[in-house]
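What follows is subunit A paired twice: with subunit B in the first complex and subunit C in the second.
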Partner chain A sequence: MKKMFMHSPLEQFEMKMLLMMNDMLALSMTNYVVYLGMVSFMMYNMMTLLNKTNLEWNRWGLAMLAMYDTMLNMVKSQMGNKGGYYFPLMFTLFTFMLMANLVSMMPYSFAMSAQLVPVVSLSLSLWLGVTMLGLAKHKLVYFSLFVPNGTPLPLVPVLVLMETLSNSSRAMSLGLRLSANVLSGHLLMLMLGSLMFNLMNSSMFGMFFGMMPMLGVVAMVMLEFAMSMMQAYVFCMLFSGYMKDSMYLH
Partner chain B sequence: MINRIALRAVAPTKMAVRPSSIGLRYMSTPVEPKEKANTIVDAMPGNNLLSKTGYLAAAAAASAYGISNGLIVLHDETILVACFTAFGALAAKFGAPLYTSWADDEIKKVRDLLNGSRAKHVNAVKERIENVNQLKDVVETTKQLFAVSKETAELEAKIFELKQQSALAAEAKSTLDSWVRFEQQQRQLEQEQLIKSVLSKVNKEIENPKFQEKVLNESVTEIEKLFAKA
Partner chain C sequence: MQLTLAAKYMGASMATLGLGGAAMGMAMVFVALMNGTSRNPSLRATLFPQAMLGFALAEACGLFCLMMSFLLLYAV
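Here is the complex of A and B:
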């Protein structure tokens, strides 16, 4: 019975086994998979709402439409009209990140985006896809991306090395940025919560004064909500930038 | 300078008008404590005081049971629950009305636009129906026009035929006239030749002494007869 409850605040970052399959973690049902299902269900509902909004306008649908419009503008400003081909991917990614981040903001829930392995795997596969897209589109000319325009010849080897490192580090940095932001935000909130709890637990005096930082923590919660949305947007914006590089080179 | 002096003169009056600050909430609307208490009691679940007390007691008992049996665990995350609830309340109190008014405005804007377009479309369709209505006699009119054009074609054909006939008649007349003129010329020529031949014969006859004698004799005879009568 007691296993159902969370006894440590850091438990929200732990991946728990809910249904073991063949003694393999990869194929087992974990809380991550449950949240993945929840997020997918929410995304499906959101898309349904968005489709209904075409003719029947409502307040929720308007928010969805505003998100859709924002993403479309971002994709078009980054990649031009040809970016429209990749808009479904971009919007799905954004919706997924947003839903995952917002769900993790619920107290006692599980922070999906703070899990480094899945998020970095996602960013790595996206980077691979973008690289393959560039190679398929430009063949060997794609490697001109590693030589900036107007580079003096003696500097070319150094710059190629640096650009290669910079380009390949995108695979990690994209996911790491999101994961680190979400993790740090959640940890900060938890630390503040812990501070307040300890203060309030100390004495009656502490109980009274421990309430005072409450406003600060509420402000932090607001900031974290804003961060959840911004990080999803930033992830997609950076990925659009990488895709633009692959599509148009310099 | 004069302004400053004037302001100084007015300042004591202003100070007298301003209400004296009596605490943190001196700007708030004063509420009767009894009314405030009643509103709090009314906000609780239940129809009368007994049921309200029952609900409160049950909630307190449930909380105590939950905490003592470890069903409700109070720890750091509980603070975050409170903060999250406060954030939710703030969002519902301040954010939601703003969003609702914005969304309603947007929806109204789009709805007005759609309704406007719909009305325009309905008007356009009505106009088209009216235009088509005006053309409802088009079959009859076309039939009449066809009959008229047929009649015109027939008349034109007749005119052409008559023109041809008149042209033929004119041609025949001019030919006949030329024939007449030719025959007249021929006749004139023949008459002239006849006159010439008669004159030449007469002249020849006149030159004949026998004829001259004969004419003379006849003339003398005539004259004698005349004289005899006289």
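Here is the complex of A and C:
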């Protein structure tokens, strides 16, 4: 048996061209697009299932209702009753992140949300939408968001600068948090896994004493499952917080 | 060439130092959770999701360091 990875562990995140018209930019299909289609198909099926769910259906229906209820509670607690208007967006985002993260946890699959460019562009466009929402709702009063309540006058220029910086860095940090988490989690799992593989493959001694660290690897995988669910929740929670900021200004 | 390689490895190892800060942050989150729960055990149900959120945020900051060191090791 050879080593488990050929050149570097970053190989698992490479986009491979599966179908190509004439160059990479024309109607090309990468493995990213395949996974995107898979997740959208699953989301569509989940929507049709969710439409006929009631409390006495089965356990899977109850799980879907619990997800729905969790998101509804989160949106309502962050944005009040008016936030229910933005609930479909939030629920779609949550389901998309959850399914993308969980699909990428399957062995030998492609980690969709570890791709920095699509995830960061998603969060950038979400932030842009939130900013446009605030400007449309409050006109120029929206910029009062950059001056916290009760600041003394000499501090205002500095604070405006800092608030502007922190507000505009939200666009990057929202997506970077998700994809950096998935990227480093998958790298860690691959490296630990191949380390264990090489150790237990080396000798009978290694096989025997590899059993204990094996439990550590299993614990890492369980942590990754938990993180993949938690990151989807955190993404939606932070995004609804940002939306609350631009809806109500403080 | 050897010097560049050495600098790469040193940079990667230095990038992991930031994980200490994330560890302290996570510890503080759970210390605060324990403190709050021991003072008022009935609040546990409301405190726990917030602690989980704080844990996820602190861990994400730590993973930025880990990502930097992985990128230095394998992508530079």
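FYI, the second predicted complex is superposed on the first by the 233 of 250 C-alpha atoms of A that agree within 3 Å, B and C clash if a C-alpha of one lies under 4 Å from a C-alpha of the other, contacts with A are read in each partner's own complex, and residues count from 1 in each chain.
Note that in this section a residue touches a chain if its C-beta (ideal position, glycine included) is under 8 Å from a C-beta of that chain, and two chains touch if they have at least 3 such contacts.
Everything numeric here is computed off the predicted structure, so don't read it as measured data.
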(message) Under the stated touch criterion, which partner chain does A:Pro148 make contact with: subunit B (first), subunit C (second), both, or neither?
(response) neither
(message) Quick check for you: in the superposed arrangement, does A:Gly206 touch first (subunit B), second (subunit C), both or neither?
(response) neither
(request) Figure out whether A:Val234 sits in contact with subunit B (first) or subunit C (second), or with both, or with neither. (result) second
(request) With the two complexes superposed on chain A, say which partner A:Leu62 touches: subunit B (first), subunit C (second), both, or neither. (result) first
(request) Name the chain, either subunit B or subunit C, that contacts more residues of subunit A. (result) B
(message) With both complexes superposed on chain A, which partner does A:Gly185 reach: first (subunit B), second (subunit C), both or neither?
(response) second
(message) On subunit A, which stretch or stretches are contacted by subunit B in one complex as well as by subunit C in the other?
(response) 8-9
(message) Touching residues of subunit C toward subunit A in the complex: what are they?
(response) 52-53, 56-57, 59-60, 63-64, 66-67, 70, 74-75
(message) With touch defined as at the start, can you tell me which subunit A residues reach subunit B in the complex?
(response) 2, 5-9, 12, 57-59, 62-63, 105-108, 189-190, 192-194, 196-197, 214, 217-218, 220-222, 225
(message) So in the complex, the part of subunit A that touches subunit C is made up of which residues?
(response) 8-10, 176-177, 180-181, 183-185, 187-188, 227, 230-231, 233-234, 237
(request) Using the touch rule from the top, collect the residues of subunit B that touch subunit A in their complex. (result) 70-71, 73-84, 86-87, 90, 99-100, 103-104, 106-107, 110-111
